[in-house]
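Here the chain labels run A, B, C, D, E, F, G and H in written order, and each chain numbers its own residues starting at 1.
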Amino acid sequence: MTNNVKIILENLKAGKISVDDALLELKKAPFVDLDFAKIDTQRSLRQGAGEVIYGAGKTAKQIANIAKALLENGEKSVLITRIDKDKASLVSLEIGSFKYYEDAQIGIVGDIKSPDTEGTILIATGGTSDIPVAEEAALTAEFLGNRVARLYDVGVAGLHRLLSHTDEIMSASVIVVIAGMEGALCSVIAGLADCPVIAVPTSVGYGASFDGLAALLSMLNCCSSGVSVVNIDNGFGAAYQASMINHIG
Amino acid sequence: MTNNVKIILENLKAGKISVDDALLELKKAPFVDLDFAKIDTQRSLRQGAGEVIYGAGKTAKQIANIAKALLENGEKSVLITRIDKDKASLVSLEIGSFKYYEDAQIGIVGDIKSPDTEGTILIATGGTSDIPVAEEAALTAEFLGNRVARLYDVGVAGLHRLLSHTDEIMSASVIVVIAGMEGALCSVIAGLADCPVIAVPTSVGYGASFDGLAALLSMLNCCSSGVSVVNIDNGFGAAYQASMINHIG
Amino acid sequence: MTNNVKIILENLKAGKISVDDALLELKKAPFVDLDFAKIDTQRSLRQGAGEVIYGAGKTAKQIANIAKALLENGEKSVLITRIDKDKASLVSLEIGSFKYYEDAQIGIVGDIKSPDTEGTILIATGGTSDIPVAEEAALTAEFLGNRVARLYDVGVAGLHRLLSHTDEIMSASVIVVIAGMEGALCSVIAGLADCPVIAVPTSVGYGASFDGLAALLSMLNCCSSGVSVVNIDNGFGAAYQASMINHIG
Amino acid sequence: MTNNVKIILENLKAGKISVDDALLELKKAPFVDLDFAKIDTQRSLRQGAGEVIYGAGKTAKQIANIAKALLENGEKSVLITRIDKDKASLVSLEIGSFKYYEDAQIGIVGDIKSPDTEGTILIATGGTSDIPVAEEAALTAEFLGNRVARLYDVGVAGLHRLLSHTDEIMSASVIVVIAGMEGALCSVIAGLADCPVIAVPTSVGYGASFDGLAALLSMLNCCSSGVSVVNIDNGFGAAYQASMINHIG
Amino acid sequence: MTNNVKIILENLKAGKISVDDALLELKKAPFVDLDFAKIDTQRSLRQGAGEVIYGAGKTAKQIANIAKALLENGEKSVLITRIDKDKASLVSLEIGSFKYYEDAQIGIVGDIKSPDTEGTILIATGGTSDIPVAEEAALTAEFLGNRVARLYDVGVAGLHRLLSHTDEIMSASVIVVIAGMEGALCSVIAGLADCPVIAVPTSVGYGASFDGLAALLSMLNCCSSGVSVVNIDNGFGAAYQASMINHIG
Amino acid sequence: MTNNVKIILENLKAGKISVDDALLELKKAPFVDLDFAKIDTQRSLRQGAGEVIYGAGKTAKQIANIAKALLENGEKSVLITRIDKDKASLVSLEIGSFKYYEDAQIGIVGDIKSPDTEGTILIATGGTSDIPVAEEAALTAEFLGNRVARLYDVGVAGLHRLLSHTDEIMSASVIVVIAGMEGALCSVIAGLADCPVIAVPTSVGYGASFDGLAALLSMLNCCSSGVSVVNIDNGFGAAYQASMINHIG
Amino acid sequence: MTNNVKIILENLKAGKISVDDALLELKKAPFVDLDFAKIDTQRSLRQGAGEVIYGAGKTAKQIANIAKALLENGEKSVLITRIDKDKASLVSLEIGSFKYYEDAQIGIVGDIKSPDTEGTILIATGGTSDIPVAEEAALTAEFLGNRVARLYDVGVAGLHRLLSHTDEIMSASVIVVIAGMEGALCSVIAGLADCPVIAVPTSVGYGASFDGLAALLSMLNCCSSGVSVVNIDNGFGAAYQASMINHIG
Amino acid sequence: MTNNVKIILENLKAGKISVDDALLELKKAPFVDLDFAKIDTQRSLRQGAGEVIYGAGKTAKQIANIAKALLENGEKSVLITRIDKDKASLVSLEIGSFKYYEDAQIGIVGDIKSPDTEGTILIATGGTSDIPVAEEAALTAEFLGNRVARLYDVGVAGLHRLLSHTDEIMSASVIVVIAGMEGALCSVIAGLADCPVIAVPTSVGYGASFDGLAALLSMLNCCSSGVSVVNIDNGFGAAYQASMINHIG
């Protein structure tokens, strides 16, 4: 990927290539060369962290191969999300420095590097059943170079549990609120905090929770300001945006 | 409605009526006489309070006629719900002691009698837009002989507003929580209270509130115990059940 | 948990602790001490009954450990809901006085104490398939110190089955109506009763029952007064609120 | 419309028409001639009753013209459904023997003929707000030559009102049950009757009735046998099928 | 169940029983005696056919016991619906004259009696995948004493398959149309027929069929007259009503 | 918009511009210059027909100005969709050769040019209420240079109406099927035709048509091959794609 | 199937058959003979390609038998869709020239014939998880005699991947766009192309993708012109229509 | 509101107040004093910007009074959202420095202060109909002290329009993407950007857009990382969170 528009143009000007060849190369060049360049680097999280593989719907073989290719291309670490225990076992047979986190359904190749920002991402859950989603978020945030504080099982039914952690809430840079059922935790925390809150509805619940729909709608209608929402159970997505925000300062 | 099965049977035994007549009377008798008796009295709220007319879908004329008939049959007061201002004006022309409450879309014929129980029904709303539903609940509860405490605009986005009224919440006999948008107030109050909480989702909101669906689902998934839910905007229904509960003691 | 605000303040006044220490302790103290106090006791059902563990999403090990901790902290009995047979077997290996009710998916550690109120909670179901939810409700209500009457399989398709039990319906303090499919039982019983009715839609049915949605909507639109609704299949929630109401008198 | 396949074929055999002409006529002929024949007569209700015009989405002019054309083609009476008062006024200016029924939003040209079957169609409603749909059904059934019994406002909240009419229910040939809100009336009546029951959910209600969806789902899940359902507010459709059934005997 | 109100009353008049005993017996008596009488016989299909057991959610043991009890009480045959192969094997071990129809998931104890009406119920399906629902309907109809004609796989995509059976369609007394996916068969057949059509949406399909919702909505909006609809996959319900209609004549 | 990549490159080679300027121009150039060129022409329908303005949500002033600008830039005709009568009146005051089609809610500036392909687009509707959507489709197709055949009110309830037009169906190049309610017309026509069928569900209907959802789902589940679907009421979109297909030959 | 209406009529005229026999034959004849003729040939894909069997819901035995019958009736190749690996193994035991494509869940009996049109159908997917649906489409298109270009994993998150294939997009005759999650690929490709685009939403995704509903709605609302949509995961249907369009030229 | 916990405690220690008085004051104090303090200031946006009034559901009188009270308490400017033209006229009569922005349905009292951060919030819309929501967002962001760049009508159907603004996209600090219909713009922009993207689905569209549901689901399933979503049409909410993020640096 070393060719870019400037080089093509200079070659053209220098008479090394014809107008038609320049035209052809321009079309094939990655758009990065035309200043649409950061598309790829941005998507691949290449900036200071590692690469991510979405494991769902891929075989252990495919995952291992992609991971190897990334390592060979210079990545120091790779985050694999939505990978179940069986696949993880197979992947670990093929790649040395692989560590599996069953709760989070996450595998990491290589080391999680130390935090490279000052701020802390607070990850709060309504109940213990939300913890798998929370751990997906927490490990993702850590992998991307953030300090993470975990505040689990602080659902609004026992408000004192939540209120006794007001310090953590007030001092976070970004908060990821993870809750199923009625998702009320999101409104309460956002009312207490003065930083951006990213809400993750979870599919925890039964009956009229409709697999997370109740929590999703609840969070979208959050009466507190400063809240936005990601897809049901999308701990990765919330952590990814939280990391972006946390790295702004 | 003084005839009942026992009397019919005694008349039959005494030879005052024939078997066929007894059979006929049994069929016509209100089922109360066969121990299905309180159907009517129960439904008509006759026990100690007044009668209720659901005004929606009835003309002013129909409402006035039903109200008159009730008064002629001994009712001292009549509650008319879901009656708009225009209909109320027309009704007031026909019935003397008629008072209209525009906020609540309620009209009352006769006096609201004094509370006949000790307990208090607390009516709390998330925002000011929920007040019409809240007033429907409050006036209904008062009409049915309850003390009512109003606690409006205590949504969880400003938790301190709510927490500064913990005394009222702790001392209520029943709480009616009325909220639109994400309905989180219900979980928070139920977590603070130790009395039954009846939740009323409202159609207040826009977009993904889907006319109250978000609040409804949220309240049905309430993570606090002791909560049940009525239809969207059904302030009357919540107050009616709250009054039943408040009169148990 | 013996410290409370008053003690902290008295210690401060007496010079036993500094202002900063008082401040710190105040923040850590359960809010009960600041009059937000009953949060915890209320949620934990500590008042006269035992503690409840929601078993779904917890391992047998976790359940056993929580139960043991509760027993060590003085609870005499513990109710475990939504626990399947396999988990129950494992729990029973670790805790002595454990009894499992398979129908209800409930396990109870210790004894169910005798009823401590006069009133009776009537639990009625539309069909035999609703019985698991009904038994969750019945055992919960009994665990919380209530007399329970069971009235199963009285769906409105055979109205005489229901009408022949009018006595039980008329004499109940609270009624929990449990029905799937079209949920019509709720309206009919509420029309016959003069006590609060808590309706539990169940996921029993197929096709356009949409896993309980039909019954849920039906019950929310109940044309009889005095009815409120809990989440689909939430026998525990209905019984919990019914117990609250039954203990008011 | 006297030509049919047999005649065409006989004409062909007799040499009166050519093969090509026969082919052409066969294609143009109403399919009744090819044994798909009754399509038209069946759809147009021509058998013993009159023709029907669905008025919604048609102008008064269009309605009047269709009606006139039908009368000119020998119809003695025409039923116009879903026609509002304004259109009806305009139609009445153009056609003599036009009578308008505002409740039912129905106009009838010509006379409603006397019943031509023995059986009775019972039309029952849950509340007074369902009456417009019920009247659409009742007038349609009468127009199609049926005896109709009306049983309005017998919702299950006051079961005695319904039970006191058991005779009518037991003696009907077909029953059309019309109810909004939770639609429970359908199950109760079907449990009492031993004839086919056609259920019409209505859009009466608010909030979680979702414009008739709650009643529709409830009726589709009816736990009594012998029930089928038509579209929300479709009084005409229910009466049409009821008339078909009532004319079988 | 031979006691009835008249006998009770005559016994009372004759001094054989006291007023209180009469009162007690009246309450216990099947309501049939008070003219609510046919409730039970109607529901139990006792009139000329056999009894039905809904097998879903019952154990093989329960099914066998209910069947035995029915046989001991004089039933000659019993229809068991929604019973899978495993349960059927167990039931067949306990009851002699048991025959299982795997396609229809139906078991029948005793003989299917000969048709007792002249008319024919036509059962038509859109595709071969709808046949299990169709067989549930067909066997139910036969069990209830009807002649049944099967017309399978006549979906509208190949209209000629359907049109070549116009005779069967035109000569049926009642038609049960069973179709998944878009359910268009219902409109086409109803346009060809002049008898009542009962439509059964099936859960056959994928994607936007949403488990039968597409077919259900399609059938409810059927543009042909004379159609009503039952629950998704409810072959039994359609056949039951069809049998009622077919026995009217 | 006369600059393109080739010219830029030639200028660069000829030394007329610097590498940096070339780089800058390349970035600003419409992508057509890099062979992503037809983006614009494709979207603007510039190929042989005129330009389209979507009128909904634009003021008459805005519409007139856009139309004028297009005419000044060489367009010979402009199609304006979703424009109501009031806006059309205002537009006609400002632009001379403006013609309004009220049924279709379409305005056309300039002439509709003669068809430039041989094939015919057949536009069929289920009922007369679908005609506005059909006319939007028909006028759009004509505006885009297609022969259009209209086949209105051929719903499947009267199958003979449809079958008598089999010739038109068999000889069309593309068919646009427009139907509300249950949308069955789509399956039947696609079963008869051997050309692509584009289905347009309409919002015609009431109750469980849910504003076109029933027809939409029905059409998506169409059991005939060769069918695809556009948005509810989107006559324009169907005609646009039909025109694309019709111009392939 | 050589008899047709003309022959029947000529035989009749020639006295070879009676009127009644002619009548009978007419009814049995494929409607092709009455000009409804191509129904069958069109549906069976007989025109230049092979026959299709929808494997879902059929046993291996049934599939094999249908395939054999088709081959015996002269088909050279048969396409079997939605057939899983186990069924495929069984089918391969019974039919010689059977090849199975596991990704696509497709089996083909006989050879895929060479393309018989010039145009190319481009099949594009948003991600790798959409490939099974894409392969169903690709193999179907190839089976029906089309050149197919595959463009997989060009989701809009990495726009440069897509833009670097603009040539393929611009030169396709028809494009099938296959995407789950948010389905945005459809709008982007349709904006770049000037040929018809058929969009296939897939059930790939989780949470608020609601099994493909999000992608379906997104594609139906596509802001680019020239797009139509088929059912979720319906690769076959899209390819079938694409083939129809590709064979027009 | 100058009292805080520390002062209360010091007064207590100093003997100035009793333990009971301290207890009382603690309960009344804003929770900020107990470290839950910033609740109020956070919610009221008091930090460096002005106060916000949500105008929907409030009368002009109420709005004016709240605004006046805020001004009297020291606010320099007040933002009023969701206020229509009529209310705005009335408010302007009562408050001097009031300016109304009709597009955005926003009124501002006082001056919008100059930006107090370096970063820019880019606000992009898919179409011109999304501009009202975009202006609500833009004015809110400006009111809160941000530089705002507007990029309207860059929907993906004309990708070159969007790509020609890659510079603005690459250099923004936060991007608010506002789109109705299929919402694809969100995925495309997020794929190009490397800053947080907040997506606002709008209710623009018709038919299967279901008032913004299609765009909402699409955005929640966005395949690009770094995206979160707010409620339909909630321009204010997006801008509020964007401002929070933009002020972090």
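We take it that contacts are C-beta pairs under 8 Å (C-beta built on N, C-alpha and C of every residue); 3 or more make two chains touch, one makes a residue touch a chain.
The shown structure was predicted, so the numbers you read here are calculated from the model rather than taken from an experiment.
Could you compare the number of C-beta pairs in contact for D-F with that for B-C and name the larger?
Most C-beta pairs in contact, of the two: B-C.
Where centres are the averaged C-alpha coordinates, which chain has the largest centre distance to chain G?
B
Match interface A-H to one of B-C, B-H or D-F, accepting only the pair for which over half of the contact pairs are the same residue numbers.
Equivalent chain pair to A-H in B-C, B-H or D-F: B-C.
Approximately how many whole Å separate the CA-defined centres of chain A and chain B?
Spacing between the chain centres: roughly 49 Å.
So how far apart, in whole Å, are chain D and chain G when each is placed at the average of its C-alpha atoms?
For chain D versus chain G, the centre distance works out to 41 Å.
Which residues does chain C have that touch at least 2 chains other than itself?
27, 35-36, 39, 43, 157-159, 163, 166-167, 191-192, 207-209, 213, 216, 220-221, 224-225, 231-232
Chain pairs in touch?
So, checking each combination of chains, I get A-B, A-C, A-F, A-G, A-H, B-C, B-D, B-E, B-H, C-D, C-E, C-H, D-E, D-F, D-G, E-F, E-G, F-G, F-H, G-H as the touching pairs.
Hey, which residues of chain B end up touching chain C in the complex?
35-36, 38-39, 41-43, 45, 47, 52, 119, 163, 166-167, 170, 173, 191-196, 198, 216, 220-221, 224-232, 237-238, 240-241, 244-245, 248-249
Which residues, counting only chain H, touch chain F once they are in their complex?
128-129, 157-160, 163-164, 166-167, 204, 206-209
Give the list of chain G residues in touch with chain D in this complex.
5-6, 9-10, 12-13, 15, 19, 22-23, 26-27, 34-35
Going by the contact rule set out above, which residues of chain H touch chain B in the complex?
It comes out as residues 27-28, 30-32, 36, 39-40, 43, 56-58, 201, 203, 211-213, 216, 231-234.
Of all residues in chain A, which touch chain B in the complex?
Touch residues, chain A against chain B: 126-127, 155-159, 180-184, 186-188, 190-192, 205, 207-210, 213-215, 217-225.
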